[in-house]
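In what follows, chain A forms one complex with chain B and a second complex with chain C.
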Partner chain A sequence: MARNLTFSIFRYNPQDPTSTPHTDTFILDETNHMTLFIALNRIREEQDPGLQFDFCCRAGICGACAMVVNGRPGLACHTKTKDLPENITLMPLPFFTLVGDLSVDTGTWFRNMAQRVRSWVHTDKEFNPRALEERMDNALAEEIYELERCIECGCCVAACGTAIMRPDFLGAAGLNRLARFALDPRDKRTEQDHFEIVGNDQGIFGCMGLLACEDVCPKHLPLQDQLGMLRWKMGWAGIMNLLPWKRK
Partner chain B sequence: MQTFQTDLLCIGAGLAGERVAIEAAAAGFDVTCLSLVPARRSHSSAAQGGMQAALGNCAMGEGDSPDVHFEDTVKGSDWGCDQEVARLFCDNAPIAMRQLAAWGVPWNRVVPGKSTYFKGGKLFEKEELQEKEGLITARAFGGTAKWRTCYTSDGTGHTVLYTMDNRAVQLGVAVHDKVEALSLIHDGKNCLGAVVRCLKTGELHTYLARVTLIATGGFGRIYRESTNAVINDGGGLIIALDTGLVPLGNMEAVQFHPTGIVPTDILVTEGCRGDGGTLLDKNGHRFMPDYEPDKAELASRDVVSRWMTHHMRQGLGVSSPYGDHLWLDIRHLGCQHLATKLREVDEICKNFLGIDPAVDLIPVRPTQHYSMGGVRTDKDGLAYGLKGLFAAGEAACWDMHGFNRLGGNSLAETVVAGMIIGAKVVTYLQNHHVSFPTSLVRDATAAQQDRIRLLVSGKSGRENVFAVRNAMYDALMHGAGIFRNGKDLEACVQTLQEVHARSEKIGLRSNGRGANPELALALRLPGMVRLALCVAQGALQRTESRGSHAREDHPERNDRDWLVRTLATWQPGESLPSLTFEPASTVWSIPPGERGYGGGKIISAEPEEKSGI
Partner chain C sequence: MSKSLSIDTAAYIPSPSRSSAYLDWLQMLTGAALILFMWAHMILVASVIIGPGVMNAIAHFFEATYMAQVGGPLIGLVFLLHFILAARKIPFRAEQQSRIWKHSRMLAHKDTWLWLVQVITAMLILIMGAIHMWVVLTDLPITAEKSAARIQGGFWMGFYLFLLPLVELHVGVGLYRIAVKWGFVGRDKRPKMQRFEYVITAVFICIGLVALLRFYFLAL
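This part shows the complex of A and B:
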């Protein structure tokens, strides 16, 4: 114990004409139960009050604090320093627009993703405030919840080989979102509707199957299974489209 | 400088803000939400346990109704709530839950047949009815007569917020995220919008709106130790208070949650105790039944937090480098239950404490959690003091919680109040028209630009923003915690006045360019200290104990003199808030009486003197 930690942190403030991208080094004494949340706030308070980073719930629930920690995207709030070596390198998530230092703009990308996959229940039914709710099997509710657990932290996209080459790729987060609605009987969209959204290179056929998304997902979502299943279903939907009697 | 114009400006895009926005957008109005963070990171997402609504579908909820829910809520509030508002809430909660189901929330559902459950460490059996299969089920929470809390595992806030934001996307509600409102624009009569700083570029923008809604959540971050997200600094309350016209209600009513983990103060849900978890002291003794033979761990939060603090003061807490704590025991619930019903808790224990709750005890202690107080509104959500200004959710004092809110009632309040107030906003928008004098808008913006210039240049002083913040933390911790007394509160108020003066003399150490975080805190801090003073001054004046407000020197609940709500306004240039009082409720469906837990003496009201001082 009682280590001195050396933090190498990426610095750049795009709003400051005198700022250039570089790395700053900060030394901090390690304390018990120290997380990157505690460490970064101490650096800001004691050494550099201008250091930009994002935290919100600081409990691994909201997804605000994703960054690249020693080369790997993850949530800073639940990263304990005792699991890291003495030299810690922190970089902002790639792929997303940089706000400054370790802070990136994930909100714009995820809002756009929600619009692209039309992330809502598609139904003609009017809500009747006097009627009982529609019944649902509890096991199915739990299955939907499993996919609903995505916290939009952006780690999966930041770690994605396709996303690096193709900025319009929906990413595991987007494809998982569609899979969540495909599972939900309240959403009346058909497989053909799904095909129109993700049956292309921006969608499921852009996935190269490298699966870093599953490796880095801090919520341990079953992304590999979902991508595999969606690819299989969309593959069949594509073949069906080639059959003359199935064409619209 | 950019100027945006819209019909409805929602400051805050959590559940309450977005629910109101959705109602207005569905009625065809133009809506813009402002948010410190992307909407889905709002603190609503962190609510774990669930939402109370008297659906009565599950076996242990049989016979439940809005009447029973109402009674629990009024008792929970220690008769501090507005009973008309509490009634409105309880009656509408079941509709709101079903609407959320229709919009896509994957509520846990009733599974018919026999199953077991824990209550206070003991195993019991229940049988769910076949005819209820697949309807929304519920779990137990503190201070309730029935199992009434609807949930999706322990990620209820998350799933409901994601569903709500999906709906907002569907209806084309604009969300401008990473922005912070610095002041309201008003002409002394009408609220006209807000001056806003962009947290991506640091630029100032103005938003002009016919109606403005404050839905910024709680202000827990005026305390050093809080379960709240770091964004819950009371921004919406500050800009309302700074008008000098809009009062904040019951700011002294601050809830401490029994189970914040030690260290880091992260919350583990009341669902742990609702599902049968127990509290143990350093000897492994389950102490709550000694104090509350009937409700035990499931008395209301104010009561459990007080007994825990009392028990630790008897020397029965577990010592740690981070101070004394007690243990939460959920080991007996089993791996299967933890993996499905208490998943976030399981992850929090493993990730932040490095322990496995199936094998280990969880270190917990009472931690600041919820603000019953907020922008005082009428039952339509319309704020006192300015036309065209509404408030909803934790930021508002609507006031269904009085001096203590029940677990599961606040997350439900966000969507139920959002539904009710949203409809009122729509009616209001149909008839409310304003003009925007350009000089007023220019002056409001110039005032904020001046503040920024002074902070960056250091011409007001060289106070360190973090040192001033720490002084505020220390003052509140000494005076305005779980137990309070006149002597410490007087010292607290005096210290906070000094801290307030210092907060006006902050100078930045960094250059303040772009989305500079030091500047953001420096702009916010004087307002946070004013909120702290509203809490402390309100607590000092209120010489009784009610709900979460516990005065050691006035341990009795005094219905004769204090069946009232505190209203705090702040006149520009003053060093203290001005306090006035109004009757706690105009309707008394349930006259003040015993809660049935918590003990304590009551000084009863003479019927003709019910409204107090």
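This part shows the complex of A and C:
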């Protein structure tokens, strides 16, 4: 049976001094295989051309379309309306800077995160463009790939109570990123180097283990396991530093 | 040369601090120590269900070995230390409180709520636990009869009926969170651990209630 869906959508344009935060309601007939991506585009085409929201890949790859759907951060392009009740409330992701309506700026935060984590392979090897690429054990490559799948949508950070209270928290995406480079044999950084980046209250010891990140990540990254592993490893790295002969 | 130029030049080189790591260990270890204590405590209190004689024997053992006289205040210190460490995570600023509250309501996410349960029970335990420890430790030795007299007075029955679930909730959630935060329990075992948390909380509340009733109806 075809439903009529009621969308309550957050509206606010911070650029416009006359704009005030409010909710607009739109009614839309549900079609087969409808996703929020389709619904939002239809609303914009048929009802309100001014509605702001972000999309790019519409296939859960680019991470642009993250928003709060009935209270939960998630990807709009990945969310089917048939899995939702008739009343759908859409809000922009909290924590990030609002661009307008449902659109937020995740890029600035993720860029900053990458710089804090120094998110690149640290090596002193000279790059030889003619040489064959170094080989890597397949199982390890897959393990790295599993963490590399993060699409930087920001859902984990927006869902994190710690980040909401303390904006300097590195977030699950940042901690996961460090875990990814910690796995990579080409990266020469040591455990003590990792400790300098995340062994603090802005990093892993700030995480309170609420696991909202784990529960909302639309790519189902193993965030709980990475956070647990990091706390354990960094905890011991801190203790090891008490031993004079291990001190750096 | 001149004394007035005593500038700490090292202040300009940020030295990586390890203190967050140590404090996090201590927070977890004091929490774990308090959990172990609460279980030992439950054995003592619940022994009254079998009979006041059993409880008196156990209490006497703790006193004869000076575990009550020394261990009691020591637990008090651990209790205080745990509070100071965990307080680093408690939102005390009104702005943070309002944020986490709105956030929890928006997210409707169980583990986020459980953390709030932990913070709120913690503040109440801090006050009520301190009162309870003071009353018991300033009136040694511990005997079933003295406890029963207190509880039958009425006020303390209400006090304990309130404190018991607070502590058991805090302990249950704390145990679960230690397990997931430190990686002892991974993604695959998390639902199981959560069930274990509920069961252990419920079981301890039940044992505690039965013990309280036993005290209440103990013939003096």
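A few comments on the model shown:
Keep in mind that, in the parts below, the second predicted complex is superposed on the first by the 248 of 248 C-alpha atoms of A that agree within 3 Å, B and C clash if a C-alpha of one lies under 4 Å from a C-alpha of the other, contacts with A are read in each partner's own complex, and residues count from 1 in each chain.
Assume a residue touches a chain if its C-beta (ideal position, glycine included) is under 8 Å from a C-beta of that chain, and two chains touch if they have at least 3 such contacts.
All values derive from a computational prediction rather than experimental measurement.
Judged by the touch definition given at the top, the superposed model places A:T35 against chain B, while chain C stays out of reach. Touching more residues of chain A than its counterpart among chain B and chain C is B.
Legend: residue contacts after superposition of the two complexes on their common chain; A:D184 is shown touching chain B, with no touch to chain C. Judged by the touch definition given at the top, the superposed model places A:D48 against chain B, while chain C stays out of reach. Once chain A of one complex is fitted onto chain A of the other, the partner contacts of A:D16 are limited to chain B, with no touch recorded for chain C. After overlaying the two complexes on the shared chain, residue contacts for A:D168 are found with neither chain B nor chain C. Touch criterion met: A:D137 reaches chain B, while chain C stays clear of it. In the superposition on chain A, A:M208 makes contact with chain C only, not with chain B. Of the two partner chains, chain C is the only one touched by A:R72; chain B is not. In the superposed model, A:F110 makes contact with chain B only, not with chain C.
With the contact threshold set out at the top, not one residue of chain A is in contact with chain B in one structure and with chain C in the other. Within the complex formed with chain A, the residues of chain C that make contact are 16-18, 20-25, 88-89, 91, 96, 99-100, 103-104, 106-109, 111-112, 114-115, 177, 180-187, 190.
Chain contact summary for the complex, chain A toward chain C: residues 68, 71-72, 91, 94, 159, 161, 164-166, 195-196, 199-201, 203, 205-212, 214-215, 222, 224-225, 227-229, 231-232, 234-235, 237-239, 241-242. Of all the residues in chain A, the ones that touch chain B in their complex are 13-16, 19, 32-33, 35, 44-45, 48-52, 54-64, 78, 80, 99-100, 103, 105-108, 110-111, 114-115, 118-121, 123, 125, 127, 129, 131-138, 141-142, 144-145, 148-149, 151-152, 184, 186-187. Against chain A, the residues of chain B that register as touching in their complex are 37-43, 45-46, 95, 97-99, 101-104, 106-111, 133-137, 152-153, 155, 158-159, 162, 165-167, 169-170, 175, 177-178, 199-202, 229-231, 263-264, 266-267, 321, 340, 344, 347-348, 351-354, 465-466, 508-518.
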